[in-house]
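One chain, chain A, links the two complexes that follow: it is found with chain B in the first and with chain C in the second.
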Partner chain A sequence: MSSVTLQSVRKTWGSFEALKSLDLHIPDGEFLVLLGPSGCGKSTTMRIIAGLEEVSSGTLLFDKEDVTRVHPRRRNVAMVFQNYALYPHMTVAENIGYPLKVTGVDKAKAREQVLDAARKVDLTDYLQRLPKDLSGGQRQRVALARALVRDPRVFLLDEPLSNLDAKLRVAMRAEIKHLQRSIGVTMIYVTHDQIEAMTLADRIVLMNKGQIQQVGTPDEIYDDPANLFVAGFIGSPPMNFITGEVADGVFRAPGVIVPGAPGRGPATLGFRAEDVTLSPSGAFQGTVFEVEPTGEATYLVVEVGGARAMLRTDKKHRPALGSPVAFDVPASQCLFFNPSDGLRIRRPAPHLQQVIA
Partner chain B sequence: MRSSTTGWLLLAPTIAVLVLTGVLPFLYVLAISFFDWNLFAVNPEPRWAAANNFRRLVHDAEFLKSIWLTLLFTLWVVASQVILGFALARLMMRDFPFKKVFRAVHTLPLMIAPIAVGATWRLMTVPGLGPIPYYLKDWFGIDYRLSMFPDQAFASVVVMDIWHWTPFVTLTILAGLSNLPQEPVEQARIDGAQEWQIFRDIVLPAMKPVLLTTIFIRIMDALRVVDEVWMLTQGGPGAETRFIGLHIWKIVFPKTDYGYGSAMSLLTLYMTIVICWLLYAAMTARKDRAS
Partner chain C sequence: MTRPGQRWTTFAIWILLSLLTLLPIWWMFLVSVKQRADLFGKPSFLLDVSSMTWDNYASVITNPSFQKYMLNSLIVSTANAALVCALGLLAAYAMSRYRMKGKDNIFFWVLTNRMAPPAAFLLPLYLLYTGVFQAGEWSLFDTRIGLILLYCVLNLPFAFWLLQGIIDGIPAELDEAAYVDGASTWQVLRTIIIPLAGPGIAVTGILTWVFAWNEYLFASTLTSVNARTITTGLAEFVTVTGTNWGQMAAVAMLTLLPAALVLALVQKHIVAGLTFGAVKG
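What follows is the complex of A and B.
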């Protein structure tokens, strides 16, 4: 097991820049999730760590060892591909044992290790089957067992659950997390599903267009997004945005007046559906556009400040369409962004605020 | 019900053509093989001969020799073509300068009619005229005369066939290789496999269907080779390159022994089927024993 460090890693194909100078340190034993929309360079990052793609420039370290030019065979990483990449003509046992076979592990010892790995993922009854005779979830387990069988330095999983149905996905999610905790391996997990990222990660790396947008714990990413992209990507429903103007510390948009806003000039106000409290005298005034009951809550789609926003309300709440609605959001839950570059406009820290006042 | 009728109607032309061009001639040959039928015999009418033609075959030394030669020829050319074709296909999976030009030129032999191939090789091998005898003599001191030395004639026919048909094998294997999913190969690389292990454990098994099909096609073609060999050696010297196709031709046409010729054709067909079946059984059985 080792830590993984990427230093200024760039990857280009012709004039297309898939990764733009990535810097990242993943401590030994961490469960790191690479999250981002499709095509943002997650798989490319993975494949670089595995050695399947060469970097265009930059350095890759495992612990202190420079592995940038090391052949994948010698990196001792384990990888689970999205489609599992099982060897179709080999039985489950042969699939799991392949990494041992090619590295010349003694046969009796290999058999034991295969059994051991199969036991960890609950596959012992299927060892003689061919991949085509397994269900999706079982194939997934074979791929996991094959990765587990040989004590890798780093464990890479590229969208391992995206081919499973929703129910199985939730179950396997828990198993993978449990597995990682119990063997304490460094795991890098790629997904475009933010729920998966939030539930699994020690830390999330949120990427977009080949660049890291933010690195942080799930809570940090959720509560303290660095920019509009992060704020809009994380959370379900996504954060609500209203664009307006800040003048003299007050944010204004049609029907919206929020005091305590930092900076001045055009700004985008962001708040989350669950931070809303309905109140007739609220600072936000809008009309009900649509009502979406989900069972555990009722979401209102509200036209406010020239945009649409989702509000989470009591499950029994069923206002008429087109009726006026007013609500408040606690000041601490109102985030401000610069609409031109998308970056957060932060309030000065409290002690600085006093200095200014 | 209606849809099934429509289906049959749509299939009807194909079935009709197949019956007319495939099934009927086959039945005709099958029937003739049980008759004595020689247009220039005293009695030119077909006469029922039961299994006589087949009985004759088993003791026909010339025929048995031609079968043996054909099998030898087939083994040599198919094995060489598959090995060479695989190597060339692997090469063409890579990038190298002038790859497109190379690929185009390398498929040229495929587009030449067998008769023309035979004629070309004939020209190249005529003593005193062709470059091959000249250079073999000049560089290696080899006295190369097709009409004199059976081994040279046999080797020349083999080399000509390899030259003619390797591009076909290369192309089918190349198609198979480019359709191979990359993930298992990459997975194996990560799993620590050497390139030769990846070839043996991942690529070859995945290529088995393509290989089998290619080998079958090549075996069937090689077993019935006629025109190129006729052009190059006329089956000679003596009968040393007289493969089955040539042999049947020599029996049926100059001697107009149709019944006997048909029997030979059927036996050849039977042999082809048996060989392909054995090969198939051998190549698919291995896995079952392993597990």
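What follows is the complex of A and C.
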């Protein structure tokens, strides 16, 4: 196992800049998820780590070793591709054993290792089958076993669950997480699915347009987003935004008055659906636009402050459409962003607050 | 659903087409199994299968010239097919997988080599083979290697074009997976590309083999005695004292046989190979 370090890694195709100077350190044994919308550069980052794509500039280190110009076959990474990339003319056993065969591992030893890897993913009954005779989930396991069969420095998974149906995806998610914990490998996992990212990751790297937006634990990313993009991308339903104006520490928008706001001038207020409490005297005054029961809760789509917001309420709550609704959000859960550059406007730290006071 | 009338029309068309293509072969077969006198006796001999004789075949097969020509043809066609497949595969793989400048231009340029009428090259080639490509007494003229190399030039563009389509149909992700698994480029070719492109390679091999086997123009001008192939050897049965039609037809039948056999056995695969990648990559 190795740590992975990217130093000022850039990747361009002609005039298109896929990655804009990426810096990232992934410690040994971490489960890191690269998350972002399609085209954000997360797959390119992974392919650069695998060696399938050359960097335009910058350095890539495994531990302290510079592998920037090392051929993929000499990097000793294992990769699971989005559509598995199983060799269609080889049996499951041959597929799993392929990395051992090409590196000249002794046949008897290889057979043992193949069996061992197949056992880890519960495939021992299918060793003589061809990939075309397997279900999607089984193919997925073969791809995992092929990665597991040797002792790679880094494990790369490129949207490995996106071709599976929803139920299987949840099951495989748990298996992958369990596998990573039990063998303690450095795992880098690419996905555009934020739920996958939240459930799997030790740390999430959220990317957009070839740049890292924020790096942090799932809780940090969720509770303490660095900018509007992160706040809007993470969470389901996404964070609610209301644009308004801050003056004398009070945020104002039509029907909204929130004290304790930092900065001054135009600002965007963000809050999450689940942090809302309905109260007739609430600081937020709006009208019910739509009611969406999901079984476990009822979501209200509310027109407030010139925008639409989602509120999570009791599952029995069924207000009439168009009726007024008032609610509160705890001050700590109100986040403010600069609408021009999208960056978070943070409240001064407590000791500074005293100085200002 | 097809109506009975429609079916009969289809049937009639197929019979007509089969007659058009197969009648000359039947005619040739009958000529090869008849005595010389029978050929010119009755006009209705096409339907007469009573007095057949295999004498023509016996004398042809034991003829040392025929044996030599057959061997030459076999060696030239097989070596040509093998060489063309090997070179075509490497070229097609590089073209399919590597980024290079002017890729489309290279591809088009290679194909244009096949577009000019081969006869246009005949005279320059003759001069090159007899006067330029030589070392002391030895020249490429009238050698098997000379023919093999020439057929390579003629067949490579075709093989290249066919194989590139086939390799393009193999997802590049498989190569990438193999590289990450620790395979070298040769190992990727040997263990991934060649097995998966197998049917396509076989089709390329067979078609180029048949092209070389059937080639007449260059074989007749660039060989004289040693490297003469069976197609050109046929002409030797036209002599000053007359034409030995029976033996000539027997040789023609024997020439036809390997190509017909090969094509009949693999025709399904040829269709599969030519449409490979068209259905699903």
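Heads up, the rule we're going with is that the second predicted complex is superposed on the first by the 357 of 357 C-alpha atoms of A that agree within 3 Å, B and C clash if a C-alpha of one lies under 4 Å from a C-alpha of the other, contacts with A are read in each partner's own complex, and residues count from 1 in each chain.
The rule we apply is simple: a contact is a pair of C-beta atoms (placed from the backbone, for glycine too) under 8 Å apart; a residue touches a chain by one contact, two chains touch by 3 or more.
None of the values given here were measured: they were computed from a predicted structure.
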item	value
Overlay on chain A: chain C relative to chain B, clash or fit	clash
Which of chain B and chain C A:332 touches, first, second, both or neither	neither
Partner chain(s) touched by A:78 [first = chain B, second = chain C, both, neither]	both
Partner chain in contact with A:89 - chain B first, chain C second, else both or neither	both
Which of chain B and chain C A:98 touches, first, second, both or neither	both
Touched partner set for A:135, first chain B, second chain C, both or neither	neither
Footprint overlap on chain A, where chain B in one structure and chain C in the other make contact	50-52, 72-73, 75-79, 81, 83, 85, 87-89, 98-99, 102-103, 146, 150
Residues on chain C engaged by chain A in the complex (per definition of touch)	171, 173-174, 176-184, 187, 191-192, 195-196
Footprint of chain A on chain B - complex, ascending	181, 183-184, 186-194, 197, 201-202, 205-206, 287, 291
Chain C-touching residues of chain A, taken from the complex the two chains share	50-52, 71-79, 81, 83, 85, 87-89, 98-99, 101-103, 146, 150
Contacting residues of chain A [partner chain B, same complex]	50-52, 72-73, 75-79, 81, 83, 85-91, 94, 98-99, 102-103, 128, 146, 150
